[in-house]
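Here chain A shows up in two complexes: once beside chain B, once beside chain C.
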Partner chain A sequence: MFTLIPFLINGLTLGLLFALIALGFMLIVGVMEQINLAHGSLFALGAYVAYAMLGPPLPFTGEVGAWWAALPLWLRYAVALIIAPCIVGLLGILIEQGMRRTYGKDPLFGLLLTFGAALVIEDLIRSIWGTRDYILPTPDAISGGFIALNLIWSSYRFFAAAAAAVFILLTWLLIERTRFGAVIKAGAHDSEMVRALGYDLAKLRIAVFAIGTMLAAAAGMIMAPIWGIRPHMGVDAVIPAFLIIVLGGVGSFWGAVIAGLLVGMVIGLTAAYASEWSLLSMYILLIVVVTFRSRGLFGKKSILEA
Partner chain B sequence: MQTPANAGRLITPAMVGVGLLLVTVPFWITSAGLYQYIGVEILIWAIYALGFNLLLGTAGLPSFGHGAFFGIGAYAFGLTQFHVAANLWVCLLGGILAASLAGALVAAFVARRRGIYFAFLTIAFGQVFWFIAMKARDLTGGEDGLLPIARLPVDLGFVSFDLSDNVALYFFVLVLFLLTVVALWRLTYSPFGRILSAIRQSELRAAHLGYRVVLFKMLAFIVSAAFAGLAGSLFAMAQGGAFPEVMALHYSGYIVMMVLVGGGLVSFWGPVVGVVVFLLARDLLGAVTLTWMLWFGLLFVAVILFRPEGIAGVFQDLRRRLTRRATPQPAVRSTP
Partner chain C sequence: MIREKAMIHKITRRSLVKGGTMLAGAAAGLGTIYGPWKHNRAYAQEGKPIKIGLTCDASGMYGASGRSELRGITMCIDEFNANGGVLGRKIEWITADTETNPATASRVAERFINREDCSILIGAIHSGVANAITQVAEKYGTIYLNTNSSSPTESGENCSRIKFVWDGNGTNFTMSSVTAAVERVGKKWLLLTNDYVWGHETSDATRKLVEAAGGEIIDELLVPQNTRDFTSYLLKIQQLQPEVVAPAVGGDDGKILRAQVAELGLDQQAAWVQSQQDWPDVWAAPESIVGIFGTNWYHKLKLPGVDDFVKRWQARADEGAIPVPGNVAYCGYMGMRETLRAIERAGTTNNIAIIKELEQLKIPAVDRMQDYDAWMNPDTHHLQQTIYLARRNPNPVDDTDLYEIISASKPENVIDPQEGQMCKLAPYDQFPTVDG
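Entry: the complex of A and B
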């Protein structure tokens, strides 16, 4: 039993990160009922943009570049954690502008549009950074490891789990405790009413898409030191994300978080017994749950079913 | 939308022309600056795309995991060759059967779902099969693939053909492609196809009319999986191996892209057009830039945004516009 503790903690950490990856996806699905298959590519782009800001060689030259490079790494890291998602968020707004044309049509078109966007972003990444792997530098305070329970633990994993928890909490506060959150939830429920009350639904949708994209990019940057920055990381992220959403139930915030933790735990625990097959377990989990509960664990009825 | 009403005839002068063009392809394709092999590849993907469109275009079911059945066909073809009999017909049957069985298994889970949930579940199943292909190394060779798969001779009893030459292989695949076209044409414009079309337009209405919607969706899924299996078998034979990447999410997405860019939603031939455009774009753009998917992806996005009915839809519009301008003339001429 004692030997399982590292696997449990790893599972929990992975679960928090998966929940964070899924959260931006969930926001867009839950509020706009649009599947954003580009989520994984935006996640990857977040990691690459962060690398461009932190890693050598510097992306820009001249005085600004020298001034930026002279700053301590922890400060640059903290700034990148805010700026990188904002840069990727702009791309999210662009995608929303295209997606706007598919509103009211078969949701399949939104799905296909974002699949196309994903391919474009992936090839864009490949043409800028090539196919090699990169390592994102991390500040000394969260690098390295420590020994506890006769095991070596990576400090970064704990930082990543904490950062994921903070982002999840911030998203929850935004949705559940602000006027903005109340309006977007109302908009998902009854768009006519929200429009009648004088809110600009188009702007709300842009905001939701931008926030969802920024969460993807932030997750990408946080995940980068664990997975490594590589072209395939987008696909590795989008699949758990959609899996978690379906598992937790489309449109349910806590469903996504709990499903994220569940998937992380299942992967963590199967890793203890059959590491080769640990990723398969999450697909099996999904198929079993959806077979018996088509709306996932906490899902409510959604127009996506029509 | 593609409706059984506008079926028309399969054998028209235009189709005979296209057929003759197909027969001559091996003789001019290399002088057009293309590889001989691309003709084979286009026909194989066309078989896959036509079968897939019975599901997507006719029944309106967006499977995002169909690469699995293509891949299962490929692996089953190779495994039959290694472990059962090195006979082309037995191996093809093995590929088709394995894909149909896998299709039936998946269909049993997904046929009750609609729209995005259907897409979600097919992605999950596609990933499961891809994962198994990657990890069951003893059976599939893992990431390296199942090698080497031989091009078996076509044995007709009284005569046999060697397929090691790409031209011979082209003609063999062409025959299977034409058989596929006839079979799927008949299916699409049969009562079965009409029911699938009714299901696409309104599942509820079809159910209220007394059709067993789930059963028909399952059948459409299995048939499309069987053709994917046939295409996969041929692909494994042509490539000389079965590889896991054809089962990955991207490849499952590519078939959706091909069918939609070509105009599978509005036309029986749309998927074939899409395959030709996709593979030519890959080879021609790929020769110029390594990031050809960037440009094809942009084209795809543009199609989704501005012309969801695809290239075939554009042609249909043109033809409609031309015939509209032409129609008054016979009316005038008919009065002596």
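Entry: the complex of A and C
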């Protein structure tokens, strides 16, 4: 019997993953009003750095390498989930330093700069890892399938959805429940006032860009066992991320989360009932929403309208 | 001054008309003697290298296969150059990423012919890319070798006098497996189809064969290109409970699909019968080799020449390359080799002469490193060759021994019956001539 519940559950897990991919993108667009076209490449780099830490051959040899390889995979995986985003976050800081000169000028400069960064990162990936595909090893506890509702389900898919939910929650706490979050939101609305109050806006921007980049890298690592690792995997991420931000409303945290969930549900359900429309469905959803609400579902005045 | 004036007076309207008529007559006479023009392009010069354009994808969903194909082609060219080239001329090559994108492929083909003076184009995995290159090459009469695109349309309705197809097509592969699977595995089939020409053509061939063998297609799910998450499709497959799933999902999409099928153990619930599996697609994930599938070559075939070919490949492979040649590299190598040999036999680089040589091509099994002799079908320009059926090797002798070959079909037993009906090759004189 063909039942709907598995498809709804699948849509929900897929939606959480889409929301995670979009979150870092949203943070930088919403808070800094900069569209970071390198988001997809940073997403891919997160997956590659994680692979370097978990897959053979390891980047370090000798005693350190032997010690690291001897650790159980779940422990190495957990460490990589923290360290890989931090490493990629450092690159995010470099990109932000480059973007500094474009602040207050035509947004096109920022777009071009991040587009250039995307090309450089993708070529960097090709030169280090080549064009071959890789599979990220995952601990046994979150690999394989289990049976529920008389169907086999992917353990990793549920782990990934749970991890995405945790990252979303942490980001929300940071933005909405800390002094740091309050200041960066204030900086986005009135940078002069924030500066007058004695806050260093330059440092705040570095922090926002680094966090956005780390979220991209974490999403890359989490999605790697599902999508596979290859140099152009970033393109698969940046397009839905952009779409989700516009759909949810530029700058809206919950807009990005809800739009991600919506996109996941729509893709999941169309794949079940009209499979050839499954990828197209997210674009149709965007057209429908933007036709009736140009600022997206939860958007205020967006930079696209400025 | 006076002389000039006199001259002006002599050139009257009548004399102009007369002169013009005479010139036109002379031109018409010359035309009768020499025309129509036999050579639209003549690159040839004594000792000048022959230039070949390698239209291989380096990115996009077939990027990995494109890189492997490129390596096979360049290996062949290097070997010919080491032996003095062709007709005493060196072979030069140029490549550009066609991005698994027909629009990019068209631009690359135009540039290779018009600006780089390439007299032969070679390479493609995606049928849309191959078709786009064919259309450009046809305009200029440039020979195009479609090495790896397996859509039946390539040697069927989109065949061309200037194009030669070197891989088996979806129907060839399907014929080697479907009838046996209906009889031995089950009659309830589900088609999982990549929503573009190769996917549709391959699934259509499967449908016909399944129904002819007494089986039933219970559903067909269309998978958009660049799908990354197949869970919804797999959920539907679980609920519909087919006995056999026949996916026609290629490139990166196929790779991810198989990884997700293997992860869930869905290959244990239903038999998976794929038309074909390209080697670069499974290299990174041997655990994703599910079900049975077609191929036209394997690097551990126990046939003369295979081990030597693998050694030559390994001697030149760089760090980033797959350490053994797969079917894609093999097709690239063989397509290039047979064309260069055809030039040598024809004794010229004239395109029509090469085409006529290739149309008579017969390759003994021992020379082709397959089980049976191969031949070029002169009516479709599609190489008829041995088709192997394979599955994951349960007892590999080393890390590269991923396949187990379970049968070898003779070319005459897997001929695509539609191909000859669909393909109408235009006469030779409808194409510009090229001397490379």
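Here is the rule we go by: the second predicted complex is superposed on the first by the 300 of 306 C-alpha atoms of A that agree within 3 Å, B and C clash if a C-alpha of one lies under 4 Å from a C-alpha of the other, contacts with A are read in each partner's own complex, and residues count from 1 in each chain.
Throughout what follows, contacts are C-beta pairs under 8 Å (C-beta built on N, C-alpha and C of every residue); 3 or more make two chains touch, one makes a residue touch a chain.
On a predicted model such as this, the values are computed, not experimentally measured, just so you know.
*Asks:* If chain A is used to align the two complexes, do chain B and chain C fit next to each other or clash?
*Replies:* clash
*Asks:* Could you say whether A:L280 touches chain B, chain C, both of them, or neither, answering first, second, both or neither?
*Replies:* A:L280 contacts both chain B and chain C.
*Asks:* Which holds for A:D236: it touches chain B only (first), chain C only (second), both, or neither?
*Replies:* second
*Asks:* Thinking of the overlay built on chain A, is A:G228 touched by chain B (first), by chain C (second), by both, or by neither?
*Replies:* second
*Asks:* With the two complexes superposed on chain A, say which partner A:S154 touches: chain B (first), chain C (second), both, or neither.
*Replies:* A:S154 sits against chain C, while chain B stays out of touch.
*Asks:* Let me test your reading of the model: by the given contact rule, A:F180 touches which partner, first (chain B), second (chain C), both or neither?
*Replies:* neither
*Asks:* Examine A:F7 and indicate which partner it touches, taking first as chain B and second as chain C; both and neither are also allowed.
*Replies:* second
*Asks:* Who does A:Y199 touch here: chain B (first), chain C (second), both, or neither?
*Replies:* neither
*Asks:* Going by the clash criterion at the top, which of the stretches 22-30, 112-120 or 238-246 from chain C hits chain B after superposition?
*Replies:* 112-120
*Asks:* Please write out, lowest number first, the residues of chain A touched by both chain B and chain C across the two complexes.
*Replies:* Chain A residues touching both partners: 276-277, 279-280.
*Asks:* Across the complex, what residues on chain A touch chain B?
*Replies:* Touch residues, chain A against chain B: 35, 98, 101-102, 105-109, 111-113, 115-117, 119-120, 122-124, 126-127, 235, 239, 242-243, 246, 276-277, 279-280, 283-284, 286-287, 290-291, 294, 304-306.
*Asks:* Sort out for me which residues of chain B touch chain A in the complex.
*Replies:* 62, 109, 112-117, 119-121, 123-125, 127-128, 131-132, 135, 248-250, 253, 256-257, 260, 289-294, 296-298, 300-301, 304-305, 308
*Asks:* Would you mind writing out the residues of chain A in touch with chain C in their complex?
*Replies:* For chain A paired with chain C, touching residues are 1-3, 6-7, 10-11, 14, 130-135, 143-145, 151-154, 156-157, 226-228, 230-232, 236, 267-269, 271-272, 275-280.
*Asks:* Which positions of chain C touch chain A when the two form their complex?
*Replies:* Within the complex, chain C contacts chain A at residues 58-60, 63-64, 67, 195, 221-224, 226-229, 231-233, 235-236, 238-240, 252, 255-256, 259-260, 263-266, 269, 283-285, 319-320, 322.
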